[in-house]
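Heads up, there are several structures right after this.
Both complexes below contain chain A, partnered by chain B and then by chain C.
Let's look at the complex of A and B:
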């Protein structure tokens, strides 16, 4: 009994928080496949989604889900940053802006009216990923993030192994699986310009890749755009597709302003 | 001396083989590939398979060894004697290429356990250029369809044993291959610095499709994974691709083949120059899979032909 207690004190202190988001990423963590092992490896000190009593002290790793959509989100982020040694962006919203970030490319007020026709007191802002406001140490991409990758991350931090995202595009995993290529069939699949690591989940299920893991560090977006033009797609169609999840990052990537990619 | 069998007796011949062997043949499912069949009716010979035959000899995520506590077990494949039926001349020559470089026990086990039966292809498509690649006869048996019969060439004792009950053919029938596509001059060693390659490389998405579908690309990555308690773990092998930056990434983070251009040229030069210098045969067997799969329709064989054209003009 005594021994057990000593072990617990050595475990890394983890917090799992969400800002504006759908809670889907946090929910992914508590799936049976990975939660049992995560719970054994680390000490989950704070997890407001599933815990009533939450520790308020310093954390080793703090996982954050969601996009920055309100000023309150920034306040929450800054507080979490101060409390934590490492910040982990959990899921596409936190990593690249996710679906809400689409609004950056649309008429803000129109979008707000469309979603909330009645509420006049709301202030519509430009949703941004968390690294626009605080320093982020690790990213766990995808919408929702992959259980396998979350577990691998926790295994890595608890055994002092480095954690790296793959730098290969989705196509590599997709081709290795022997999937018929959707792009070659004329569909607008973003696989060649998107970072892999998802086991080509969408194309394997006959759905195009929407780029939810953000740009692949080696993406040849210029050639990709030329190709789709040849295939008869308009610039607007292509850009709209790229803006589904990671429009901001694709844009920065093309303007070569992106600093977060080599992480 | 060739053996002969009626075309409509082929299914019976194969059904008998299926009783004693695992028979792998081209099939059409979500995609076209080689797969173990239970009924000869599954066989699909109309078009070249999208997925190459190498997947049978070099499976993805192949388990090589596993350890538990202090005990290490090397994992060896357990394959029943296998017959590959319906491989094309290019598919068979690709195995010849793999034989030159793959020497590990798992590969050797599968190779030794396998009988290769080839089939003449009546429908080469506009991407096929096998005739340009100096292919050899590499098979245990090879079938030529002619006048309602298959004329079967015998390439080995193993093959002979399978057809000894069949009658001998009165005349020898071998058919020519009918490619429309050709590589004219494969002597490109001096053109490495030619800027012509940039046009192709600028179009390249570095998607890896060409290397994954190529029947002779054999580079692999070995991954060790241990459970968190470090008491159990496994080592697997899966394919790698020279078109990806990660391929040449070393400790410390440097990638030696950083530019898309150098990666693209490496593919072409390995297939046409480097391998030939070392092993006396081309690494490319002219199956055209890389050209069919490339999403941006890069055709490096055309580029080579442009090179030889410009050279001729220079000579004049």
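Let's look at the complex of A and C:
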């Protein structure tokens, strides 16, 4: 059924898709008031989670949730890239790999030996964020993503305003809220090296920051490591925490910084 | 001649799935429901992790039932560490599950299931005459979200560290909202009880938790029509297997397909359904047990009321704050079964003396329903072929059937790993 033209010509064409993931990011979009507002601001052309007749043509913005976990995901991504002016990585999985990307740090030989030969129909790839396969224009980080940030993003693109993520670490917002410091209480919190913008949600709920928004641009991981060493943590413990959501990105970030320092 | 029906990318379900049907001489000879999600290997991801980090990881299995994964993992680990939860902790968990159930059922009923019955492609296309329904749905989802947020810190992937004190003011607010939402819920029951469902009856077994006093959510005995299952024995009765064509696992109970979810809970827990719900069922001539899988929609609508009444009762009798038991790390083995929105969810862990996970097994509701879904799809298509239904109508009815199960393919797909993990552990221990 075609919708009336005057309603749609002005609005940006949006698609919301998921590859291997938990659907939490897409649900965040439909939960509560932010959906009604988004639905008014843009034209949701494709959204297979809740729609049957999904538009197959070109999109202005395509939101993608999930981690690349097998070949079909890559095919889906490439098709979506071709159709879309801008790709928006929605949520931690799509942005930094998320929890599934932890598999990259497991002993693959062991995994392979036990997975095959019995399940050789399973074509699993190394779980990776979507920017390893296609060009990504915008990121909406966090697991699950922040409703406020999603709405801000949609408001920005519909009114031609720039959209920027904060560059401050989680600690910045955490201190502002007056939370007691979890690191000082003897918990391995990744707040100092993680990009803020989440309003320090986890530390506010007595839970350490697991770094789901990835490293903040100014993160000094080297100094953080030294600090943790003083506090009696081993390198292994820190790395295990960093691998929970954004292991790949923290690793890349560290490597880039060290080559930059050498230069 | 062999005819094939292929449904690629079934929409309005959680996750990605395809259906492949082969038909010969007007009979279904093959029915494959393929989850096409990449495997995420969750059970392997928690190996070697500290007890404290497990919940943060496994809640990411599913965005819809993250509270269920959270509660199941915490309870299984508590059992392993020999910790008894306080009354307040149980109270918080119950409400977390109830909030999640309300929003999950409301989302499924209105956004995923309902459009089919009005021949619309999505809830967004329901005309202005249905606007009130969508507003009802959104207000129920909002209520569920609010409950999860108050007790779990955020709407999806909740925290389960018990707060010092629960905020009294927001509990009063929730209580009022629960009471105010009842007319909407009763309308929902009326709406879904009066939809035109395909007549399709079959016998099967239903599995869920059962408690003598309450409509069970987080604890109880595991019951089926054929009897009790001991928690520790669940693996002897429920066997998971991998099929060549899918990335999800398929479970059988005593070698037979069975059903979990709202329909199983209502069928097995008739004694603990509250009086208000019972009266409404009588008024609407709803008789139990349900034998038509399409009626899972009615079961979910009824559960909205059951759980709302349950939540009101819980909050009105809120337990006093108690001192938390201290955690002493030791080696151990724990299993927990809880009722997720879509059915019984099992979590099992073994931990070593350093508090690190050495074994993990998770069986999700959709994995348990998949065999039954395949068998029901085949049965329904056979019936429709006999009735000389048009191909287009067959596809439509099959889609309705799949949706009425409210499957979650994200959940069903990480579990490929179960078998190799078992082998892995058997070989290394």
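The rule is simple: the second predicted complex is superposed on the first by the 235 of 263 C-alpha atoms of A that agree within 3 Å, B and C clash if a C-alpha of one lies under 4 Å from a C-alpha of the other, contacts with A are read in each partner's own complex, and residues count from 1 in each chain.
Assume a residue touches a chain if its C-beta (ideal position, glycine included) is under 8 Å from a C-beta of that chain, and two chains touch if they have at least 3 such contacts.
Note that this is a predicted model, so its numbers are computed, not measured.
Partners chain B and chain C fit side by side in the overlay (superposition on chain A).
By the touch criterion defined above, A:51 lies against chain C but remains apart from chain B after alignment on the C-alpha atoms of chain A.
In the superposition on chain A, contact of A:24 is made with chain C only, not with chain B. By the touch criterion defined above, A:90 lies against neither chain B nor chain C after alignment on the C-alpha atoms of chain A. The superposition of the two structures on chain A yields an angle of 110 degrees at the Cα centre of chain A, opening toward chain B and chain C, reported in steps of 10. Of the two partner chains, neither chain B nor chain C is touched by A:38. Of the two partner chains placed by the overlay, only chain B lies in contact with A:223; chain C stays clear of it.
When the shared chain is aligned, chain C comes close enough to touch A:100, but chain B does not. Annotation for chain A, partner touching more residues between chain B and chain C: C.
In the superposition on chain A, A:62 contacts neither chain B nor chain C. Once chain A of one complex is fitted onto chain A of the other, the partner contacts of A:169 are limited to chain B, with no touch recorded for chain C. After superposing the two complexes on their shared chain, the closest approach between C-alpha atoms of chain B and chain C is 10 Å.
In the complex of the two chains, the chain A residues touching chain B come out as 37, 41, 155, 158-159, 166-169, 171-172, 175-181, 183-184, 191-193, 217-220, 223-224, 226-227. The residues of chain C lying in touch with chain A in their complex are 9, 11-12, 14-16, 36-42, 44-45, 49, 53, 56-57, 60-64, 66, 103, 107, 111-112, 115, 121-125, 138, 141-142, 145, 153-157, 159, 161, 163, 242, 244-245, 247, 408, 410, 413, 416-417, 419-421, 423-424.
Across the complex, chain B meets chain A through its residues 30-31, 33, 50-51, 55, 60, 202-209, 212-213, 228, 230, 238-239, 241, 244-246, 249, 260, 293, 295-296.
Listing the residues of chain A that touch chain C in their complex gives 1, 18-28, 30-33, 35-36, 39, 44, 47-54, 67-70, 72-73, 98-100, 102-103, 106, 110-111, 114-115, 118-119, 121-122, 124-125, 127, 143-144, 201-202, 204-207, 210, 240-241, 244.
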